[in-house]
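Shared between the two complexes below is chain A, which pairs with chain B and chain C, respectively.
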Partner chain A sequence: MKITVKYFGMIAETTQCEEEIIDFSGNFISDFLKILHSKYPELKNKGFQVAQNQELVSLETGVTGGEIALLPPFAGG
Partner chain B sequence: MNRYNRHIILSEIGQTGQEKLLNAKVLVVGAGGLGCPVLQYLAAAGIGTLGIIDFDVVETSNLQRQVLFGTSCLGQNKAEAAKKRLEDLNDEISIIAYPEKLTYQNAIDLFKQFDIIVDGSDNFETRYLVNDACIITNKPLVFAAIYKFEGQVSVFNYENGPSYRCLFPNSPKKDAVPNCSEMGVLGVLPGIVGSMQANEVLKIILGIGNVLSGKLLCYNALNSQTFILRINKSETEIAKVLKEQSDFHKKQLIENCDFITSEISIKDISTFENMQFIDVRELHELPKIESIHITSIPLSELENSINKIDTEKQKVVFCQSGIRSKQAVSILNKANIKNCYSLKEGVEQIIDAYEVLKTSQN
Partner chain C sequence: MTDKKVKSVFKQGAISSEFIGESIAKHQTKTSIGAHNIFLGQVRADVIDGKTVSAIEYTAYEDMANQKFHEIREAAFEKFNLTCMHIYHSLGMVKAGEICLFVFVSSPRRKVVFEALEYIVEEIKAHVPVFGKEIFEDDTHQWKVNN
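Moving on, here comes the complex of A and B:
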C-alpha cells in the first residue's frame, strides 16, 4: 500500500523533505520504521513519536494505510 | 471597565466573562519568545493576577522576537523587565515577578498559588519539571514549544486529560535534540504560537470554544499548514509521576546544552602548559591526582566557584568518564566562561597521557 509520510522539525532536516510517498507491504509500525531507518540511517539517533492518520500510535500498532507522521519534541521557547 | 469594552460587548464574554478574567491567576514560566506574547495579551485582557518566573537577563539577541523588551532593558532580569512593561500596559492588574529559576524545590509551592500554568520555557528539563508539577498540583498546563519555523501547542492536564508525558514519555536522548535558546528561530513564530497559547488560556477561563486538550497542534510558518494530532491519556505515565511525588523536591535540574558543549579527546591534548585542568569529581573520589597541577571543584559546587576558573587559559574539564564534565561545561558556558572543553575520557586517561608526555619530553 502507498503511505504518505510526513516529517516535522529536525526529522524533516534529516530526510530533506517534509512529505513523501512510500510503498509498504509489512504489518506493523515497527516494520515501517525499519524501512525508514534503512533509507535514513540518521533517524536511529532521533527521538520522535509516530502518528497514523493523526492518532498517536505505538510500534506494535498495525499499519492501516493513509498517512504516517514522525513528530519530534521541540524544546525552544 | 471601559478598558475591556471590546470584550464585554461580545455576548460570549460579557461582564461575567470579564470578571472571570479579573479573578484568574495565571503563571507564565519563561518570559522569552513565547512568554512575551502570552504575557502581553493576558495582561491586556485583564487577567487579574499574572506571575512571571524567569532567571535570565535580556540580551540584544532577544530583541528580534521578545517583544516586551527594548534596548533600555538590556542586562535586566526578564521577569522584572516584563513586569515593568506590563504595568504600563495595564495598571489595574497585579503582576508578580519571580526573578529566579524554576526548580524542583520551588515549583510545587509556586504552582499552588495559580489556576493555570503556561509553559514558555526553552529546555526539556524545565518542560518535564513543569509538566510533572502540574500533575502533582492538578493545574492545567498551556504548552507550546518552537523549532526554527515550526511550533507545537497543546493544553495538558486539563479536566483529567493527557499530559506532556502521554505524548513524549521521557526527555529525549542526549544529543538527540538541540535544546538551547541559541537555536535560530523566525522572530514572528513565537509571536504566533505564543498568541495561540494566550488564546487557550482565555478559553479555559471563559469556558468558551474547544480547549486544545488531548490534541497537539503543529504549525509550520513556512507553508502556513497546521497538523492536529490526537493524544490519548496514558494512565501509566501519570501514575508514575504521582508515585514519585514524595521525592519530587529532592530532584535536581541538570543543565543540558549538549549540542554546544565542546568535547575534546585526550588524543588532542598535546601539552599540559598554559591550560587549566578542572576536576569536577567529588573530593573523595579515586584516583587522586598528585603529579599534575589541577583545580578541583566538585560539580555540585561549580556554580558558586566560578572565581576559581582562569578566564585566560584554555580549560579542560574532566571527571570519571566524561558525563559530569559535560554538565560542568554547560554550567560554565551559561556563566559566560569561554574556551571550556569537556574531556571525552576520564581521570585515568589524563594520568596516563601525562606520564607519556613527560617520558617523551625527558
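Moving on, here comes the complex of A and C:
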C-alpha cells in the first residue's frame, strides 16, 4: 500500500524533505520505521512520536494506510 | 461532545496587542460574563551557550493540531462552566518579546476561569503538534522542546 509520510521540525531537517510517498507491504508501525531507519540512518538518534491518520500510535499498532507522520517534541505556546 | 466544526487556531506571525484588545472589546455585549482570564505566551530571548534567541519560527502538523485544539476546547467546555473560549497560536516567525499564544476564557464567575485557563494551556503544551525553531542572533538555530 502507498503511505504518505510527513516529517516535521528537526525530523524534516534530517530527512531533508517534508513529505514523500512510500510503498509498504509490512504489518506494523515498527516494520514501517525499519524502512525509514534504513533510508535515513540518522533518525535512530532522534526522539519522535508517530501519528497514523492524525492519531498517536505505538510500534505495535497495525499500519492501516493513509498518512503517517513523524513528530519531534512539541513546542507550542 | 458537540459536533461543532473544527476551526483553525493558527495565525501567521505574531499576535498583536490590537487583536487582543479587540477580542476583549467584543465581549462587552455578553453581559452574563463576570470574569475573563487571559494567557499570553511570549517568545523569550533565552541565552544558550552565550547566544541569544532572537525569534522562534513555528510550524505545525496543522490538521492534527487543529483537531487537538478542538478536543481540548470541547473537553474544557465539559469540565468547566465557561461562557466562551478563544485560542490563537502563531505560525511562522515570531520575534523575542512578541506574543505567540493567546488563550481567552470567560465565565460568570472568577474561580472557574483560573482553573480552566491553566488546564487549557497545559493541554496545549503537552498534546498539540506545534514545533519551534529557536533562531539565534547569528542565524544558527536549535529546536525548542516544551518542559
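One rule holds for everything that comes next: the second predicted complex is superposed on the first by the 73 of 77 C-alpha atoms of A that agree within 3 Å, B and C clash if a C-alpha of one lies under 4 Å from a C-alpha of the other, contacts with A are read in each partner's own complex, and residues count from 1 in each chain.
Assume a contact is a pair of C-beta atoms (placed from the backbone, for glycine too) under 8 Å apart; a residue touches a chain by one contact, two chains touch by 3 or more.
Here the structure is a predicted model, which is why all the values come from computation and not from measurement.
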Across chain A, the partner (chain B or chain C) reaching more residues is B
Looking at A:A51 after the superposition, I want to know if it touches chain B, chain C, both of them or none. Which is it: first, second, both, neither?
both
So, does A:G26 touch the first partner chain B, the second partner chain C, both, or neither?
neither
Contacts of A:A75 with chain B and chain C, given as first, second, both or neither
both
Take the contacts of chain A with chain B and those with chain C, and give the residues found in both.
6, 8-10, 51, 54, 69, 71-77
Hey, which residues of chain C end up touching chain A in the complex?
41, 56, 58-61, 63-65, 67, 89, 100-101, 121, 124-133, 143-146
Residue numbers of chain B touching chain A in their complex, please.
30, 32-35, 119-124, 127, 144-148, 150-152, 167-168, 172-173, 175-179, 181, 183, 185, 190, 216, 218, 220, 223, 227-232
Residues on chain A engaged by chain B in the complex (per definition of touch):
6, 8-10, 18, 45-47, 49, 51, 54-56, 69, 71-77
Residue numbers on chain A that touch chain C, as the complex places them:
6, 8-10, 51, 54, 69, 71-77
